[in-house]
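Several structures are given next for inspection.
In the two complexes that follow, chain A is the common piece, with chain B as its partner first and chain C second.
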Partner chain A sequence: MSRFDLKGWSGKLLRVDLTAGTCTDEVLNEQWAKEYLGGRGLGTKYFTEEVAADVDPFSAENKLILATGPLTGTYGAANGRYMVITKSPLTGTIASSNSGGYFPCELRYAGYDMVIFEGKAEHPSYLQIHNNKAQLMGAVHLWGKSTQDTEDLILAEFHGDAKVAAIGPAGENQVSFAAIINDKHRAAGRTGIGAVMGSKNLKAIAVRGTGGVKIADPAAYREAAIEAYGMLKQNPVSGQGLPALGTPVLVNVINQLGALPTNNFQKDTFDGAEAISGETLASTYLKRNKGCMGCIIGCGRVTGLAGARFSGDGEGPEYETLFALGSACGVDDLAAITKANYICNEYGMDTISVGATVACAMELAEKGLVSEQEIGMPLSFGDADALVKLVEMAGQREGFGEKLAMGSYRLADSFGAPELSMSVKKLEFPAYDGRGIQGIGLNYATSNRGACHVRGYMISPEVLGLPEKLDPQATADKAVWTKIFQDFTATVDSSGVCLFTTFAIGAPQFANFCTAATGAEFTEETIMEIGERVYNMERVFNLKAGVDPSQDKLPKRILEEPISDGPLKGEVNKLDQMLPEYYQERGWSAEGIPTDERLQTLGLA
Partner chain B sequence: MINIQFYSLLRLLLKREKFELPAVVNETVGQLLQRLQQQLATPFLQKLLDDQGTPIPGTIIMVNRRNIHHLEQLETQVQDGDVVALFPPGAGG
Partner chain C sequence: MQKLIRIEPSKCIGCKTCEMACSFKHTGEFMPSRSRIFNEVFLDEAKFITVTCMQCDDPWCVKACPKSAISKEMPSGVVIVDRDRCVGCRTCVSACPFGMIKYVPTLGKVDKCDLCGGDTPECVSFCPTGCLTLEEEDTPLRQKVLRFVNAMKDGQMEA
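Here is the complex of A and B:
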């Protein structure tokens, strides 16, 4: 058996064969750990080594990997994150989805860096892990339950202090944008990973761990943590803005800018923005803020509804949800949006994709392409009650929910209007219109999992001015900035640390953390190189999966239909001016294929 | 009049959504902010500007929905009827 001598990582993964019902410990590949770190990078390395790119996402041959990073569960920044890696049923690309909370840390404390699920269970099952020991349990009694009820039942029968990640009915029903929910309210949301979990008859993972994370150089780690803590506290975004108002603070910012997609991107300013803003949330349904384990930012929103129409308790809505279930659908009813958010968490669904898919359906109805009879109710932009109803129907795959469960692209395509799906590679856009903010449009077009903002958050330089202000309407220099953001994000996603820390700390701090934690040497340069390696590895997988460079595109509306209103009226995305330069910056061919030379430099060929 | 709108931490701090000031000929955004501070009892400028009086990284100040960073920064002139929106640093995802 190979050895794993480094610290930081636990050095051990758990392989669960759902078909055979076995759980086996394996030593983590030390060389890969140094080259790919953990989380998104190391999880994708294992996935691409073990799974053929043409695999059917819902087949037993597809695998589902839960991967922490070497910093997950340590102190110092916001180190409570993990990634889920598989092949996406929504996009057909590599899927990796990030979440934070307490579950990821508990997995480390139980002795594992990673869990690889393969095969398919004959009956509904869930995994119990208790300090280096794992076993599969029957989950027939949990099937059909919400994510919260599932967690409560598991805590009662397994261990009261266990941490749980589960799918809800949406994952069981293989809704194409189903999520995995951990700690009841935190979502590994995007790309349909919950549907893959459901296809394997895997209901939940419950973990109890009382160990720790071994640090190679505790004194150096403490020094790195003190430095990062100070930078996070002093930074006005991570130290003040995010704790006070969370991500919803952006509703008014982006609406004022004129880039808040409204009515399925037919407008970019929303008359109801103030009603669904972070400021309004803070004065209505917000109870308190909340952090993931060890987080000093605490951007989470604990909320409650006690109205006659909608009631319940939960977490959210975040900014993205306020867009998708709000402005994208023309809905300015904050209680309805919050309720729909709760339903998404209970059923286990990505709020962005389900909201954007309902918005697409609203435009199909507006244009007379789908009838009231087919939907089962009248549907128009701004209809809050219909929104709440349709979100639940999507999770249940009931009635028109069967169509919604396919995602916006397949929905629009089935009614002969695929151009009304606001998506890239079939993944629905998040809450920033790439027509008025050029670089985020380039990132959407080139993101390895489709239209995703947190693969290269160009909003930071283009809107927020961090680390420096770029003109959002200019195309110059956007290629190089997009590459830097994409690569650094891939490293952060591989470390176990929250992306929000990067408003305050950068590659030098990550190098210090990783070196002190693991005992391997990391520099600012190697930190960036890891990200580039991960990005190219994902790209190569997508190419093998048949997602070719022709998919590095944006919908016709974003490229050809100028913004109709607001301060950015008349703008379109100028992707053709940025994409060639982007390929060049990446060292890819003019056609967007990674060159052998580039892959060799990165150790990928 | 100039309509000044408060967002995010400023709204929590000042407990108001907006404030109106009469326009002054040839006034800049920087001068307007100083005049606003004199009118309001609660200190708020430190949420937007550093010790040198320049916008803290992440601060967004818009005049008629245009970011002053792409205009004349704090030297951007304001006039009667303008809407000035003040956002202390914040972010989302």
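Here is the complex of A and C:
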């Protein structure tokens, strides 16, 4: 048996064969760990080595990988993250979806870096892990339950201190944008990973661990943490904006810029922005601020509703949710948005995709392309009650919810108007219009999982001015910056640390952390190279899966319909000016195919 | 006066960095199960409660120890376990009403907060929100009194 001698990583993964009902420990591949770190990188490496790119996402041959990084479960920045990797039923691309909380750290303390699920359970099941021991349990009694009820029931029957990740009814019903929810309210949200889990009859993973994460050089690690803490505290975004108001701090910022997509991207300023802003949330439904484990930022918002119309408790809404369930649907009713957010967490659904899909349905209705009878209710932008109903119907796949559960692209396509889906590679846009902010548009077009802001957050330089300010309307230099952001993000996603730390800390700090934690040597250069390797590995998988470079595009509205209002009125995205340069920066052919030389340099060929 | 770890629950964000910092300093690993400070997260109630040894004036653990292995040091007031004397009998574990002293199987001894032996306690150094401080003065208590008297003052202004 191979050995694993490095620190940082636990050096062990758990392989769960759901068909056979077996759980087996394996030594982690040390070479791969050094080349791909963990999380998104290492998880995708295992996935692409073991699963054919043309696999049907809902077949038993697809696998589902939960992967922490070597820094998960430690302190230093915001180290409570893990990544879920599979093939997406929504996009047909590689899927990886990130979440934070307590669950990812507990997996480390239980002795595992990763869990690989393969096959399909005959009956509803859940996995119990208790300090290096794992077993599959029946979950018939949990099937149909909300993610929160599932967690409570498991804590009662397994261990009161266990941490749980679960799917809700949306994952069971294979809603194409179903999420996996951990610690009751934190979502590995995007690309439908919860639907894959549901297709495997896997309801939840519960972990209890009392072990530790070993560090190669504790003194150096502590020094690295003190440096990073100072930088995070002094940074205006990670030290002030996010702790004070959470991600909803962005509602007013992006609205004032004129890039807050409204009414399915028909407008870019929202009259109701103030009503759904972080400032308003803080003075209404906010109960308190919360951090994931090992986080210095604490952007989480615990909220509660106790009104006559809506009641409940939970976390959120985040900025993306305030856009998707708010401005995108023209809804300025913060209580309704918050309630719809809770429903998403209970059913286990991505708030961005479900909100954007409802927004798409609203435009289809507005344009007379879908009838009131088909929807089962009158529907127009701004209808908060309809929004709340439709979100629940999507989770249940009930009535028109059956259509919504396909996602906005398949919904719009089924009514003959695919151009009304605001998506790339069938993944719905997040909350920044790529017409007014050129670089984020380029990132959406080229992201390996479709339109996603957290694959290359160009908002950081283009709007927030970090690490330096770029003109959002200019196209010059956006290709090189997008590549840097995408590559560095891929490394951060592989480390177990939260992307939000990168407002303040960069590759040198990650090199220090990884070297001190593992005992292997990492430099600023190798940190960036890991990200580029991960990015190209994902790209190669997507190409094999049939998602060709013609899919590196943006919807017609973003390319051809100028912004109709606000400070950025008249702007469109100039993708054709940036994409050739982007391919060149990546060392890909003019057609967008990674060259053999490039892949060889990165150790991928 | 004795310096103690003062805890202001309203500032806590439930990040458990205190547990990580404590266990890392004292074991070299990030292992919250070995932490001497406890940050409990009540998700449903949105409450985060942190507790640690309050270095009692007349400690149950000291009185219970049959080997006189635990003592209250003066003038620091810190309650300390002498590992050379501790036989791992766990009597103190039973005696402490707060569960703040625990038996560690890998050591065969008991373990508790010693305020990091004169340094700034590691949990205080790494607490990201200032929820934890090391002070002679009980500032969180003073803040509570001030909140109460301010409410009284506002009430009287209305009358």
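The rule we apply is simple: the second predicted complex is superposed on the first by the 605 of 605 C-alpha atoms of A that agree within 3 Å, B and C clash if a C-alpha of one lies under 4 Å from a C-alpha of the other, contacts with A are read in each partner's own complex, and residues count from 1 in each chain.
The working rule: a residue touches a chain if its C-beta (ideal position, glycine included) is under 8 Å from a C-beta of that chain, and two chains touch if they have at least 3 such contacts.
From a predicted model like this one, the values you see are computed outputs, not experimental measurements.
By the document's definition of touching, of the two partners only chain B reaches A:E279; chain C does not. By the touch criterion defined above, A:I215 reaches chain C but does not reach chain B. Once the two complexes are laid over each other on the shared chain, residue contacts for A:G41 go to neither chain B nor chain C. When the two complexes are overlaid on their common chain A, residue A:M293 makes contact with chain C while staying clear of chain B. Once chain A of one complex is fitted onto chain A of the other, the partner contacts of A:G496 are absent, as it touches neither chain B nor chain C. Of the two partner chains placed around the shared chain by superposition, chain C is the only one that A:G304 touches, whereas chain B remains out of contact.
In the superposition on chain A, contact is made by A:Y229 with chain C only, not with chain B. Across the complex, chain A meets chain C through its residues 73-75, 80, 102, 105, 109, 183-185, 209-215, 218, 222, 225, 229, 233, 287-298, 300, 302, 304, 313.
Note for the complex: chain A touches chain B at residues 235-237, 240-242, 244-250, 252-253, 256-258, 278-279, 282, 318-320, 453-454, 457, 459-460, 463-469, 471, 499-500, 503, 566-567. On the chain B side of its complex with chain A, the touching residues are 7-9, 11-12, 47, 56-60, 62, 64-67, 69-70, 85, 87-93. Touching chain A in their complex are the following residues of chain C: 13-17, 20-21, 23-24, 27-34, 41, 43-44, 46, 48, 126, 128-129.
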